[in-house]
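By letter and in written order, the chains are A, B, C and D; residue numbering begins at 1 in each of them.
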Amino acid sequence: AERGAAFQARIDNEEKIEPNDWMPEGYRKTLVRQISQHAHSEIVGMLPEGNWITRAPTLKRKAALLAKVQDEGGHGLYLYSAAETLGASREELNEQLLSGKAKYSSIFNYPTLTWADIGAIGWLVDGAAIMNQIPLCRCSFGPYSRAMIRICKEESFHQRQGYELLLTMCRSSEEQKEMVQDALNRWWWPSLMMFGPSDKDSQHSAQSMAWKIKRFTNDELRQKFVDATVPQAHYLGLTIPDADLKLNEETGHWEYGEIDWSEFARVLKGDGPCNKQRMKARQKAHEDGAWVREAALAYSEKKKSRRGQQAA
Amino acid sequence: AERGAAFQARIDNEEKIEPNDWMPEGYRKTLVRQISQHAHSEIVGMLPEGNWITRAPTLKRKAALLAKVQDEGGHGLYLYSAAETLGASREELNEQLLSGKAKYSSIFNYPTLTWADIGAIGWLVDGAAIMNQIPLCRCSFGPYSRAMIRICKEESFHQRQGYELLLTMCRSSEEQKEMVQDALNRWWWPSLMMFGPSDKDSQHSAQSMAWKIKRFTNDELRQKFVDATVPQAHYLGLTIPDADLKLNEETGHWEYGEIDWSEFARVLKGDGPCNKQRMKARQKAHEDGAWVREAALAYSEKKKSRRGQQAA
Amino acid sequence: MKDLLFAYILRLADDAAILGQRLGEWCGHAPTLEEDIGLANVALDHIGQARALYSYAGEVEGKGRDEDQLCFLRKEREFSNCLLVEQPNGDFAETIARQFFFSAFMLPFWEKMKASKDETLAAIAAKAEKEAAYHLRHSAEWVIRLGDGTEESRERMQDAIELLWPFTGELFEADDTVKVLVAEGVAVDPASIRDEWRETVGKVFGQATLEMPEEGWAQTGGRSGMHTEHFGHLLTEMQYMQRAYPGLKW
Amino acid sequence: MKDLLFAYILRLADDAAILGQRLGEWCGHAPTLEEDIGLANVALDHIGQARALYSYAGEVEGKGRDEDQLCFLRKEREFSNCLLVEQPNGDFAETIARQFFFSAFMLPFWEKMKASKDETLAAIAAKAEKEAAYHLRHSAEWVIRLGDGTEESRERMQDAIELLWPFTGELFEADDTVKVLVAEGVAVDPASIRDEWRETVGKVFGQATLEMPEEGWAQTGGRSGMHTEHFGHLLTEMQYMQRAYPGLKW
């Protein structure tokens, strides 16, 4: 209990907790869960975007998309490393993903149907991710905080790139602008859901706030996102698919309509448009690659034993 | 020897030999080899055409191509049945194909690169096949002869369809006509090779002629094909890719240039553009389908044994 | 009204065309020669149905679009086929499950459509019904063979069923387009087929010793052009020639 | 002369673009996360090279065609990439073998190209050389790991080598286009690379305990647009957007 108080004091004092420091089991667990979910989201998130690499309409966009997806893989790596400092191995975490035990961001259970979706993901999904992640740059756990600083920088580049892609389309032709509007219609609400349940239904918030793993509530972050995004949509000449959306002149906030939480719950539970497909793709990659990983392991052991023999 | 003479007399008398009749071992072997090669050719021949089913430019052409490939599968079935009457099982013959022991027509080791190739295969490859096969309708072995009658009827429909396809293209635009010319350039010489080595190098001809398995020599059939095809090419407005081609006014025959027999030998040996690919495709279909065939067998045995139990 | 009819025929045409396209991918790669022929035959029937339906849709629309323009020159979001038919071939069990679920619906569908007040649809139905009967028999026999075959085949067949089950609910959806046309005596009410479908499926699964999946969330979206990610890739192949060489005769 | 230079640059551009396209198919499906990143990185380098080369080709041609028109609006028979780069990804061993054979050629190729009298090509080469060095190291390490790994990996690696070996001969072909440009000091004589290539391949195969295939018939045709059947399917995906939506900005 004394250690617990000292720990909380350090947190309150905005000190960073490092892997070898003592920490409450709940703190460790919460972080492992959150970091690994985040890592899994990066990995699964490669799939909807990867779906368009072979069909990118220009070489410049193909290169940008490849680079973006590569960055996401990189984020996955940093995050798995951060989780490893808490004693959770990558194999273990991956196993949890493949068995369906661990979650990943539900947004990646929606399909990318047109090229505009690639822009929409950059603008909205990365935009929402950044809103969630900027406060995490000040997270009390050192390795996570440092990973987030790096990740946020890249995400914000991706976000601008996505917006620029949509801007180019909207200015090029009416047909493309319609594709963009269609993408916005499909991605808007799932993006709002990315911030998680409404504060009144959120389970983990209070303790996470105290531990400074979280610094804003879901609804606060969601509102920030809406306020930032609505004017961007208007600049593109698009309509947000929400009849209830209106600017509250007093507060300066954009008030939005009711989120369909039943859809959120359903997709989270596994009944989204692509949940099965995403899991199948990851499982297939894992199974098809088993012989490669085994070979790499066998080779490195052979090499070690040869070195051992030479030394002996 | 007496039986041999009686057999030859029947043949000379244009009687049909039936499966239960006595026949010399060489006759049986020759027929099994020829019929199974022919069957294999139908099966492997599904691949270059099948390559364009998903990309056929119109629904009508897609339907026609599906029907054609289906016919080829059907020809394979008749021919395997004819071979089975001679005691060669389909499994055994298929094994020979997959192990590379049995041959199939070398023409199918060339790739279909454009849609015009689909027309060219119908016009030239089926055209050459028909030249080879019409005399086989009078082959001394009954089941083979009857299979060939049915097959020839369908092949000749395919040949006209292929020609009509090319005619449509040639009349539609200059660009399409160039595609057709390009296809002719690539398929002409391999089509001439379909008749086999020149008579002076042909091994099996004399005995096959005596047995009335063969009724014309390779060169005779090749000449018939050239004579029939050159005017058709001209009608399309195409140029046969043979600088030495000229009409001999006296004989009425089109004289053609030297065939590159080294190419023929090379492709036959396995070094054509698609030999490996064709074998790989057939082997993969066979391996991927193993569990299905096993299941069908297991099911039919279960059913039999259940019937047995009910009867008992 | 004409718009609704156009939309309705287009759905049927897209279903047939896309399933035909998928089946065509098997050509030369089936487990047996008989199935190479059989699947090509089923593909051919669907392409034939698609031709008749697209042509009629083009007539109804009255803008001069022919079967090929409707099939090869619409965009992904304009296609209104159900999601079931666009699912990848997978292994032979998946192809069979997809066909079985679809044909078990289409046979009673075409039977009822024969009584449509729209004479062209009724005529198309008369022909399609016979084809669907064959497709259903062919696929049901395989469901039974694979379900009651080996341990491996049973597992594959059951997996295929679980995988595709969520796409079967969409077959029974009726949006306003359908409702209006049902009221007019033109369209078939899919709800009227549900019992027969469940009975067919249940009977065949029983013989096949397969388990019926639980009712659960049904995937939807195809009728309004919200497809699965597989669909866009199918289109690149199917439409490439008409896209690369616009306006030519073939 | 300008025509020859255009044709020559286009070959290099097509090689890079098509290999980049193939590698892009791996995204999200690689055996490890590191390889997802690694293969995307190699793909990205090739797309970058393709962009520089197509742009320069367009300049040399002088007809106003930009990188995208050259990549997305030419027809199958106009592409002049070598057959090796268009071969399907297959399993990881095939992808690695394809990359290894290609990069073992391209590293010395770009090294020599740095001395080209054509300054643009020399500049592209200076950047591409560093990339090729990484591609070669990365793929060679995998050849060794898989060759000297498990029994299964050795067999797969050896199979991949045998499968792709017939496509390596084409790398060393020199037709008139190449010969003229070599004489001008613009192009690299591929024959001058053969020994180094064989040495690299031999050394790596030695370490990997793999067998060098026998010299045999070399597949050819890519430089004159005679591709394998795989290529047309690759194009349908790669070009679909530009074909379906001509003349737009993206």
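One rule holds in what follows: contacts are C-beta pairs under 8 Å (C-beta built on N, C-alpha and C of every residue); 3 or more make two chains touch, one makes a residue touch a chain.
All figures in this text were calculated on a predicted structure; none of them were measured in a lab.
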{"item": "Minimum number of chain-to-chain contact steps, chain B to chain D", "value": "1"}
{"item": "Shortest walk length in steps over touching chains, chain B through to chain C", "value": "1"}
{"item": "Pair with more cross-chain C-beta pairs in contact, given A-C and A-D", "value": "A-D"}
{"item": "Furthest chain, CA centroid comparison against chain B", "value": "A"}
{"item": "Distance between the centres, which are taken as Cα means, of chain B and chain A, whole angstrom", "value": "57"}
{"item": "Gap in Å, rounded to a whole number, between the CA centres of chain D and chain A", "value": "34"}
{"item": "Chain C-chain D separation of Cα centroids, rounded to whole Å", "value": "41"}
{"item": "Residues of chain D whose C-beta touches two or more other chains", "value": "236-237, 240"}
{"item": "Where chain B touches two or more other chains, by residue", "value": "55"}
{"item": "Contact graph of the chains (line, ring, star, complete, other)", "value": "other"}
{"item": "In contact (per the touch rule at the top): chain pairs", "value": "A-C, A-D, B-C, B-D, C-D"}
{"item": "Residues of chain C defined as touching chain B within the complex", "value": "17, 20-21, 24-25, 27-37, 40-41, 43-44, 47-48, 50-51, 54, 67-68, 71-72, 91-92, 144-146, 148-150, 152-153, 156, 237-238, 240-242, 245, 248-250"}
{"item": "Chain D-facing residues of chain B, complex", "value": "48, 51, 55, 111-114, 182, 186, 266, 271, 273-274, 276-277"}
{"item": "Chain D - residues contacting chain C, complex", "value": "75, 233, 235-237, 239-240, 243-244"}
{"item": "Residues of chain C that touch chain A when the two form their complex", "value": "76-77, 163, 166, 216-217, 219, 221, 226-229, 231-232, 236"}
{"item": "Residue ranges of chain A touching chain D (in the complex, touch as defined)", "value": "43, 46-47, 50, 53-63, 66-67, 69-70, 73-74, 76-77, 80, 115, 165, 168-169, 171-173, 175-176, 281, 284-285, 288-296, 298-300, 302"}
